[in-house]
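In the two complexes that follow, subunit A is the common piece, with subunit B as its partner first and subunit C second.
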Partner chain A sequence: MALELRDVTKTLGAETHIYPTSLKFEAGGFNILLGATNAGKSTLIKLMAGLEKPTTGEVWVEGQNVTGVLPQKRQIALVHQFFVNYPHMTVFENIASPLRVQRMSRSDIETRVRAAADVLQLGPMLDRRPQELSGGQQQRCALARAIVKESKAIFLDEPLANLDYKLREELREQLPDILGERGTVVVYATSEPTEALLLGGKTALVHEGRVTQVGRTTEIYHMPTDLTSARVFSDPPINFAPVTKKGDEIWMGESITWPVAGDVAALPDGPFTVAIRPHHITPFKSDQASVEIHGPVKITELSGSESVAHFEINGEIWVSMSRGVFPFRVGEMCKFHMTPDDCFYFRPDGQLVAKGRRNG
Partner chain B sequence: MRPRSVVPIIYILFLLLPIYWLVAMSFKTTNEILGGFSLFPQEWTLDNYREIFTDPTWYWGYINSILYVTINTVISLAAALPAAYAFSRYRFLGDKHLFFWLLTNRMAPAAVFALPFFQLYSAVGLFDTHLAVALAHCLFNIPLAVWILEGFMSGVPKELDETAYVDGYSFPRFFATIFIPTIKAGVGVAAFFCFMFSWVELLLAKTLTAVEAKPIAATMTRTASSAGYELGLLAAAGVLTIIPGAIVIYFVRNYIAKGFALGRV
Partner chain C sequence: MKTENQRGWLFVLPVLLLVAFNALIPLMTVVNYSVQETFGNNQFFWHGLGWFEDILRSERFHAALGRQLFFTFTILAIEIPLGVIIALAMPRKGFWVPVCLVLMALPMLIPWNVVGSMWNIFTLPEIGLLGYFLNDVLGVNYDMTQQPVAAWITIIVMDVWHWTSLVVLLAYAGLVSIPDAYYQAAKIDGASNWSVFRYIQLPKMKRVLTIAILLRFMDSFNIYTEPFTLTGGGPGNSTTLLSIDLVKIALGQFDLGPAAAMSLIYFAITLAVSWLFYTLMTKDEQ
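Here is the complex of A and B:
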C-alpha cells in the first residue's frame, strides 16, 4: 500500500496554500507531517483524503490515480484535532456508522465494533453518547471509528493536540498498538517535534506550504538540509547566529571563537550561519572543548525537571535548556557553555554545509 | 411570603390579567359581560365553546389556520435548510449581501405586500386557498428560518462534514441522518418561529382569503353578527386561539433557551 502526491499544488484565489509538492508514503510505521500551525499540514491531509481538490498535480493510491475520486469512495479514515463524533448517536452507533454505510451484516458490525472498542478501552461506554465522555474518551471514540473499517490510509490531524498532557502521553504510547500493523498508510500531522521523535517512522517537514525535507525521523533530526528544516524540527526553537570562518577559527561576533574541526575545516573562509539546539547550551561545563558564552537572561522557565533560559548574545535571543533546576535570575549576566561539535553550519543561502562531529 | 418574591408575583399577575379576563369572559353569557363588572362568571356556561365546536364557520377557521400554518412551516424549513447550509459552508460571490438582503425582507410592513399578493394570486387562481396564505407567509418566514438555522449550522464544525464523507456518507445521507439531527434544536426553534409568525399574522391571511381558507383570526375579528354582540363567543374563540401556541411553546421551550444561548434568536 502506498500513497503518493505528484507535483500537487493548491491555490485559493491569489493565495498559495501548497507549493508544488511530491510525497510518497508507505504502509508500516508512522508518516509524520511536522510543521507549525498553518504550515499546510491539514491542507496536505485534505488533498490526500480528497476533501479538497488539488489545483494541479495528482494523488495516487496503490498505483491508481485517485485525484478526482470522492472521499466516500477512497476507503480512508480521518481523525481530527477536535473530537468529532456524531452527537446524536451512542458510542456504539458512532463506531458502527462507517460499517453501516457499507451495508455490512448486523452480526459482523457487532463483532467489529466490540473489537475496536476493546482496543480503545471503550467497552463499558458503548451505550453512552459522545458528549457524556471525557475528552480523551471522545477522541478514542473517533479513533475507534477510524480503525473499525478496512481502509487504505488513516489520516490523523493533530489528534492529541486538544488533550491534556497526561492523556496525551497515555494515548501517544498506545497509538502504535491501536493502529497496529494493518497494511494501512498512517499519516500523522503534528506541530510538536518531540511527538515526531517519539513516534519515529518517517517525517516530512512542512513550512509555509512547502515540504522542506523528507526522511527517516531520526535522520532528518540529526541532519537538517537547510535552515528552515532545522528551525521546524526543534523545540524550543533552535539557536542561530551569524559567524565568520577565518583560517582555523570560527568567530561569532568579536569575542567568541572556537577552532575548526572535521568537515568545518574544509569550508572556505567567509560568513556562515551557525545553529545549535537549546539542549546543547548548558549552564555547566560539560565537555573539554566547551566554548564559554555570556549573556543577560531575559526569560526563565522551569518545566518539570528542565530549566529553560532565554538570554541575549550579540543581539540574538538564544535559548538554553538543561536537565535539572538552575536558579537563573532575569536580568542577571549568566555564563553558558556549548560544544562546537554540536553546531550546524549553513551557507548564507540556507543550505547545510557542515556539522559538528556529534549527532544532533 | 418573602418580600423579594412580591414584585415578580405582582408582575406576573399583571401579565396574566388580560388572559384571565378573556378566560372568565368565555364562560360568561353575553348578557352578563355587557351587564357590568363581575370578577367571576355568575352563571357558568359552556355554550360559547359548544357553539364553536358545532358551527362549521367557527371550527373551519381553526382548521384553515392550522392547515396553512403547517404548510408554511414545512415549505419554509424545506427551503431554509439547504439555503442555510450554503450560507454556513460555502463562500460565493455576494453571499454576505444576499444574507443581509434576506433579512431586510422582514423590515417592510405586511401591508406593503398585501396588494401585490392579492392581485397576483387572483390572476393565477390561488386566491382563497391555503397555499396562497402559506406562500405569502414564506416571504417573512424563509428569511427568518435561514437566519436562525445558519447560526446553528455555523456552530457545527466543518470537520463533522468531512468526517462523515470520509466515513462513506453521501451528501444527502449525511445531511438527513447526521447533520439535521445534530442541529435539531435549531430546526425546532426555526419551526417554532415560523409557526408563531404565521399563526399570529392577520393582514395577509385576511386579504388573501374569502370563504374557503378563511383563518380563525378573521372569523374572530367580526365583532358583531346577525345575532348582535357575541362577546362570550369571541372570548371562547380567543382562548382556543391561544392554546396551539401555548402547546408549541411548551415543546420547544428548551430549544429556544439554547437558541438564545447561541445568540441567534
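Here is the complex of A and C:
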C-alpha cells in the first residue's frame, strides 16, 4: 500500500497554502509530518484525504489516481486534534458508525466494535456517551472509530495535542500497538520534534507550505540538509550564529575561534552560518576540543533533570540545555562550552555544506 | 481561616430592594386583590378563593385559554422548524453573512405596537397593500375585521414574521459553533446530508433550540400588544387571547378581584408549562 502526492499545490485566492509538493508514504511504521502550527500539515492531510482538492497535481493511492474522488470512496480514516464523536450516541454506536454506513451485518459490527474497543481499552465504557468520558477516553473512542473499518490510510492530525501530559505520554506509547501492522499507510502530523523522534519511522519536515526534507526520522535529525530543516527539527530551537572561515580557523565574532577539522577544512574561506543544538552547549567542559563562550543569562528553566539557560552571545540569544541541575542566575555572566565537532555549517543560501565529526 | 460576619447582606440589599419594588410588592398587591371583593370607595371585603373558583369554572376563561394554547403551539410549530431551515440555508462565511444577519435582526428591532399597526394597515381590504392585492387582484375574499379565519391567519403570519428571526439567530449561533472537524469526519464516513443534520447538527443545536422554544413559548403565551393593535381581539371574541381578556376584565370592567385571580392563574400556567418544557427537553442530560 502506498500513498503519493505528485506535484500537488493548493492556493486559495491570492494565498498559497502548499507550494509544489511531491511525497510518497508507504505502509508500515509512522509517516510523520513535522512542522509548526499553520505550516501546512493539516492542508496536506486534507489533500491526501480528499477533503480538499489540490489546485494542481495528483493524489495516487495504490497505483491509482484518486484526485477528485470523494473521501468516503477512498477507504480512509481521520483522527483529529479535537475529540470528534457523535455527542448523543453511546461509545458503541460511535465506533459502529463507519460500519453502519457500509451496511455491514449486525453480528459483524458487534465483533469488530468489541475488538476495536478492546485494543483501546474501552470495553467497560461501550454504553456511555462521549461527554461522560475523560479527554483521553474520548480520543480513544475517536481512534477506535478510525481503526474499526478496513482503510487504506489513517491520518492523525495532532491527535495528542489536546490531551494533558500524562495521557499524551501514555497514548503515544500505545499508538504503535493500536495502529499495528495492518498494511495501512499511517500519516501522523505533529508540531513537536520530540514526538517525531519518539514515534520514529519516516518524517517529512513542513515549513510555510513547503516540504523541506524527507527521510528516516533519525537520519534527518542528524543531518538537516538546510537551515530551515534544522530549525524545524529541533526543540528547544537550534542555535545559530554567523561565522567566518579564515584559513585554518573559524571565527565567531571577534573573540571566539576554533581550528577547522574534517569536512570543514575543505570549505573555501568566507562567511557561513553555524548551528549547534542546545544540548551540545553545556556549563561544563565535555570534551578536550571544546571552546569556551561567555554571555549574560537572560532566562533560566529548571526541570527535574535538566537545566536550560538562554544567554546572549554576539547579539544572538542562544540556548543551553544540560542534564543535571545548575544554578544559573539571570543577569549573571556565565561560562559555557561547545564542541566544534557538534556543529553544522551552512552556506549563506542555507544549504548544509559541512558538519562536525560527531554528527553522523 | 474563615471569619464570619453579616456584612454580606449589605451587598445583597440593593438588589433585594430593587426586586422587592419591581416584582415582589406588585405581585403581593395582586395576591391581595385576588382574595377580596370591592364595591369602590376603597372598601374591601374578604372573599377567600371565590374568584379563583369562578375563573377556573368560567367558560370565557376556558375559551381564551384554548385560543391562547392554539396560538402558541401553532406559532411554535411553524417558527421552530422554519427558523432551523433558514439557519441551515444561511452562508457560514463571506460577504453575505453580515447582510443576512442584519436582515434577520430587522423585524425584531421594530416595536411591538408598530408591528401590529403595520400589519393592520398592510392587510386592511381597501387600503392595505396585501388586502387590496388579495381582494381586488386575486379575487379572494379576505377581511380580517369580519372573518375570524382571516384574523387568525393574519395574527399567526405576523408573529412568524416578527419572531422567526430569533429562532434563526439562535440556531445559527449553534450551527457555527460546530467545529469543521465534525463535518470532515462525517464526509469520510460518507454520511448523507440527512445524517449530518440528524446526528451532528441537531444534537449540537439542542441547547440553543431549548432556549429558543422556551423564549418563544413564554413570549407568545403572554403576547398582548401585537394582536391588540391588529384585531383588538375581534372579530367578536375570536382572537381574544388570555392577556387581551385579562385587560378587558381588569381595566374595561374594573373587576379587580377576578382580574387578579386570573393573573395568578395565568402566571401559574406559564410557569408550569415552561418548567415542564425545560424538564422534558433537558432530561437526558442529567
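Criterion: the second predicted complex is superposed on the first by the 359 of 360 C-alpha atoms of A that agree within 3 Å, B and C clash if a C-alpha of one lies under 4 Å from a C-alpha of the other, contacts with A are read in each partner's own complex, and residues count from 1 in each chain.
Rule of thumb we're sticking to: a residue touches a chain if its C-beta (ideal position, glycine included) is under 8 Å from a C-beta of that chain, and two chains touch if they have at least 3 such contacts.
What you are looking at is a predicted structure, and each value in this text was computed from that prediction instead of being measured.
Undergrad: If subunit A is used to align the two complexes, do subunit B and subunit C fit next to each other or clash?
TA: clash
Undergrad: Quick check for you: in the superposed arrangement, does A:Phe82 touch first (subunit B), second (subunit C), both or neither?
TA: both
Undergrad: Would you check which partner chain A:Leu51 touches, where first means subunit B only, second means subunit C only, and both and neither mean what they say?
TA: It touches subunit B and subunit C both.
Undergrad: After the superposition on A, what does A:Ile178 contact: first (subunit B), second (subunit C), both or neither?
TA: So A:Ile178 meets neither subunit B nor subunit C here.
Undergrad: With the touch criterion stated at the top, can you tell me which subunit A residues are shared between the subunit B interface and the subunit C interface?
TA: Shared contact residues on subunit A (touching subunit B in one complex, subunit C in the other): 46, 49, 51, 70-72, 76-78, 80, 82, 84, 86-88, 97-98, 101, 145.
Undergrad: Spell out the part of subunit B that touches subunit A in their complex, as residue ranges.
TA: Touching subunit A: residues 157, 159-160, 162-170, 173, 178, 181-182, 184 of subunit B.
Undergrad: Once bound in the complex, which stretches of subunit A touch subunit C?
TA: 46, 49, 51, 70-73, 76-78, 80-82, 84, 86-89, 97-98, 101, 145
Undergrad: Would you tell me which residues of subunit A are touching subunit B in their complex?
TA: So the residues of subunit A touching subunit B come out as 46, 49, 51, 70-72, 74, 76-78, 80, 82, 84, 86-88, 97-98, 101-102, 142, 145, 149.
Undergrad: Which bits of subunit C are touching subunit A when the two form their complex?
TA: Against subunit A, subunit C makes touches at 179, 181-182, 184-185, 187-191, 195, 199-200, 203-204, 284.
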